[in-house]
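In this document, chain identifiers A, B, C, D, E and F correspond to the written order of the chains, with residue numbering beginning at 1 in each.
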Amino acid sequence: MDRVKTFVEGFDEALGGGIPKGSIVLVAGTPGTMKTALTFSILYENVKAGSKALYISLEESQEDLRAAMAELGMSGLDGMELYVLDIGKIRLEHKEEELAKNWLEVLRKYIEQRVKVNGFDLVAIDSLAALYSLSHFEQPRRDLFHFFGFLKSLGSTCFLISEVSSGDGGKLSTFGEEFLADGILVLRHFEKGETDVQLRLRTVKMRRARHEHGYYALSRNNGKFQLTRAISE
Amino acid sequence: MDRVKTFVEGFDEALGGGIPKGSIVLVAGTPGTMKTALTFSILYENVKAGSKALYISLEESQEDLRAAMAELGMSGLDGMELYVLDIGKIRLEHKEEELAKNWLEVLRKYIEQRVKVNGFDLVAIDSLAALYSLSHFEQPRRDLFHFFGFLKSLGSTCFLISEVSSGDGGKLSTFGEEFLADGILVLRHFEKGETDVQLRLRTVKMRRARHEHGYYALSRNNGKFQLTRAISE
Amino acid sequence: MDRVKTFVEGFDEALGGGIPKGSIVLVAGTPGTMKTALTFSILYENVKAGSKALYISLEESQEDLRAAMAELGMSGLDGMELYVLDIGKIRLEHKEEELAKNWLEVLRKYIEQRVKVNGFDLVAIDSLAALYSLSHFEQPRRDLFHFFGFLKSLGSTCFLISEVSSGDGGKLSTFGEEFLADGILVLRHFEKGETDVQLRLRTVKMRRARHEHGYYALSRNNGKFQLTRAISE
Amino acid sequence: MDRVKTFVEGFDEALGGGIPKGSIVLVAGTPGTMKTALTFSILYENVKAGSKALYISLEESQEDLRAAMAELGMSGLDGMELYVLDIGKIRLEHKEEELAKNWLEVLRKYIEQRVKVNGFDLVAIDSLAALYSLSHFEQPRRDLFHFFGFLKSLGSTCFLISEVSSGDGGKLSTFGEEFLADGILVLRHFEKGETDVQLRLRTVKMRRARHEHGYYALSRNNGKFQLTRAISE
Amino acid sequence: MDRVKTFVEGFDEALGGGIPKGSIVLVAGTPGTMKTALTFSILYENVKAGSKALYISLEESQEDLRAAMAELGMSGLDGMELYVLDIGKIRLEHKEEELAKNWLEVLRKYIEQRVKVNGFDLVAIDSLAALYSLSHFEQPRRDLFHFFGFLKSLGSTCFLISEVSSGDGGKLSTFGEEFLADGILVLRHFEKGETDVQLRLRTVKMRRARHEHGYYALSRNNGKFQLTRAISE
Amino acid sequence: MDRVKTFVEGFDEALGGGIPKGSIVLVAGTPGTMKTALTFSILYENVKAGSKALYISLEESQEDLRAAMAELGMSGLDGMELYVLDIGKIRLEHKEEELAKNWLEVLRKYIEQRVKVNGFDLVAIDSLAALYSLSHFEQPRRDLFHFFGFLKSLGSTCFLISEVSSGDGGKLSTFGEEFLADGILVLRHFEKGETDVQLRLRTVKMRRARHEHGYYALSRNNGKFQLTRAISE
């Protein structure tokens, strides 16, 4: 089975070689847990290795996102096959739909078109919370069932960032869409003692991969993410 | 009383010989707890032993499911009486209903027909969450009462996979349908220490069987599931 | 005051002689806690001692229930004054109401008729969850107030099995009907250590009886239920 | 200030002499915590000491209640000024309202009339849960505000039994009516060790009385309730 | 900045001199935590020191309140500038509005008039729960925003008693109105050991005052409230 | 990347130099956690250093706010480019909208105009709770998505004070708007022992900044806020 490498040190091994190609992966976590940075880095490193990727930001402008990623050492996007799109640009190209505001549909069309033309290997949507804010659902669970089915049909490996609201008792998604995803990565801040906080990553689920299930500490050093066995003193 | 063997090492003994034939069994667990793999393996091993089985996947395509199962050592399905159906295929055969979208009814008809023709000994539906996403319920509890009653009338042993949403405080089902099931298996990740995670299985309920009630560790080695007395260090 | 013996070893003593005749007793517990077996056994043993009893099963067919009870050593029902009825049979006799589907009313009429004709000393309804699934309530609390009042007027000792849904934080009933019952028995699995599970019974309430309030371990040995002082190692 | 004695050994002292006359007292507790017995005993003992009391039971028939109380040693009611009324009797006298079913209003009229005629010193309503089951509220909080205001205007000391539903996280009332009461007594089962249970009473609030606030063990011996300093081993 | 003294021993120091004049102070606590007595005592002592105060009771009659306060040593109100009003009196003076029952508006007009005429320095409303029971809100949060704004415009120091319902997990108000208040005092019973209870006060918020934030024990001795450093053995 | 200094001792270092310019920062905390004082102080100190700032208070009048801030040592605002506006003033300038009461829109227009004319570098809205109380939302999440997008388009660094209601289990916002913010600061009271309380600050999220994640103690001494490593004894 083909795998998409995460290029996160220690993570590909824990996943048994990487993420199975064509998976829909939920990247879930509370605010400030580097969901964007981790996801962007997976796309960025894959593009450097020769893939094509599309990063759709519904939260930040392209400039802000690029600046933030450059700050973390991910720069030089102009010469690369990594397309970063923000909501402003999508609006311009889909004026008529923008009025109707059926954004789930707008995004579906947009992605379909783009993937057909560019043949992206990886697609990321940042974030589901923003997408849901912009969407009228008649039946959320059914609509999402079909949206995830559409993503699956693309053949691209997809990352969906799921902002977990504080104080929601561990719910990883808004409408219970965990079951629709092939993989689920959870990012969490662990309080160490009463004042320190450590960022940890857990692979809750990864279909077609025999992966580790425990918590790992995630950190970024010298322009690379690293996964290490979480040690709690 | 006739029993359906699970072929999970140590499990049939704990069940007092296996699952009573004709039972409706809920396989409940949060994401990533191998509900699909465990259920599929029960069907797979029974087919190898001469039974006929129908696996209905509403979440994954047949190709993906087969690939994932092959990855776990369950291959050679072509020559076997194990029918894996994905929702895409049912859609093709039931276009008019697909429009009306009364999927609970579509599935009922489909299963009825297939079981009449093929005489399946085991039937699995993966998953209830997907089925519910596709169904309009007028009165969920009454509709499910009748759906479970229909399954019961088949005489086949049925497995219903119930995706337990994260952060729902231990609810094993969406509409309290535990009481409709003859058996309930719960799969759970236990945190061991602060960073490790162990998969455990508990038989919460099994009508007509005198079974063990405690937690067992579930693991897969050499192409077989194994149940062992869970030891917590 | 007259008492109905439970014939559970150690339980009648703890109840101060048994359950006061004519009580409405809620038998509440999560799935797999032997609510059916315990209730059935009380009826079974009373019939053996000369009483007449009616067991109404809305969850299982008569055949399945009899088989399960036989498995536990409760057999020979054919020559006994213990009537086991399942929903299929009730349906046949109440076709017109079945259409209207006002099952709370159907059951009320059914029980009224049967008790008048047969003079049952004990009546059990298995379960309230199934009954509620089949009922349209206009005002659940008022409707149940009247239904419990009807049962009370029968003079029979009644057992109502209340399936407590997992993850509901200890709620013993759906609509707070505890106050309508004369007695409440709670069955619970206690986790002993991290992997073992012990079944315990507590008499939460029993009007007109000076009963023990603590938890007792409930087990079934040699065809008899036994209550013993729960020891936690 | 005049006081109504509870005649519970040790309780009147803890209340600084008893319950201030004319108070509206909520007697709250989960099922099986002797709310009825305690309240009845306060009325019973006051009647023996020369007062007049009205006990309105919406849950049990007069016969059952009398039998249960006799069982606890409270007998000889016939020659006493303790009127026990059950809902059946009120129904007979208020047929027209019974149809309209505005029970909060029916009860209001009934109590008003009776208190005018008989001059009851103490009135008990058993229970609010039953009363609420029988009432249509347009605006529950406003309707109860006025109902409690009506009771207050009687000048009688009133006891309202509030069945606290299991699993409701400590809520003492259905609509937050604690603030409407002058006094609140809470009855609770405390688990002692893993298997024992002790009944405890706490006076949460008692307007116009300087009372103890801690938990006391409540028991009944030799036909008398006793409050003792709760000792937890 | 001018301060209103609480005359609670030890409290004015903890508040840095008292409550800033013109503040809207929420006095929040579960039943039985002496919210009324504490608030009344602040008004009472200020009146003795020469201020004018208005105590509006929506829960108790003037007679009951006066009796209860006299019991605590606060007597001699007749010759003082402390006006105690209960809902009955307000009703008499606002007959037409009483019919319309827009009590939030009735109270607003009443207070406006009274403050204009009498120039009250302190105003207390006992309690918000009672006021809300009597009010129809179209948009509670907006209506309260304007009501608090009205109180603020009076220039009087206002105390609003907020009955915290048992079992509501620490919510200090019904509609999240904490942010509308300048000050928040919380009264809480702390369980000491398994049977004792201690009353504690915490100043959660006091705009324009540098106050202590921790818990203090509150007690009443010799006709005075006292705040002492809470010691937990 | 340009940074806005907080001038809180120790905080700018922890943020890696300050808050990235143009960020939308949520300042979240329960009542009494100095959200206003901290936010105001950031604006105040920046103005002293040459920036222009707009503080919009929807909770307090300009006079009260100025008095409170002066009390904390932040005075001399008259000669400074720090504009403090309260809702009363906005009302006067937007009479027609005030009637329609679409306050989210009123505020949007107001801020747009003001920022165009005055070129404010920093803008604060105190608080979101007050703003939401005054707003009719058709679709809160969509409306807020657009409101945050509008703020972002200003280019000013914005602070939004989010009053976290007591007893809401850690929810930092009303409609899950955390994901819309670039930065999130959380202020919390920590109970130290059973009676003491310490104020702590945590930077949960700060886009484009590599910041510390742990808890710091926040205190104000000699007219300056200070952040120190929180030590728990």
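The rule is simple: a residue touches a chain if its C-beta (ideal position, glycine included) is under 8 Å from a C-beta of that chain, and two chains touch if they have at least 3 such contacts.
Only a predicted model underlies this, so the values are computations on that prediction, with no experimental measurement involved.
Using the contact threshold fixed earlier, the set of chains in contact with both subunit B and subunit E is empty.
Here subunit A and subunit B face each other with different sets of residues for the most part; under half of the interface numbers are shared between them.
When chain centres are defined as mean Cα coordinates, E lies farthest from subunit B. Averaging Cα atoms per chain gives one point for each, and the point farthest from that of subunit F is the centre of C.
For the two copies, subunit A and subunit F, the CA superposition rotation is 60 degrees, given to the nearest 5.
Distance between subunit C and subunit E, defined via averaged C-alpha coordinates, is recorded as 51 Å.
Subunit D and subunit E, compared by their mean Cα positions, are separated by 30 Å. Shared interface positions of subunit B, defined as residues touching 2 or more other chains, are 168-169. Viewed as a network of touching protein chains, the structure reduces to one closed ring of chains, two contacts apiece. The residues of subunit F lying in touch with subunit E in their complex are 30-32, 59-61, 64, 67-68, 71-72, 127, 129-130, 132-134, 136, 163, 165-169, 189, 193-197, 199. Only residues 1, 139, 141-142, 144-145, 152, 168-173, 176, 178-182, 184, 190, 200, 202-210, 213-216, 229-232 of subunit E touch subunit F when the two sit together in their complex.
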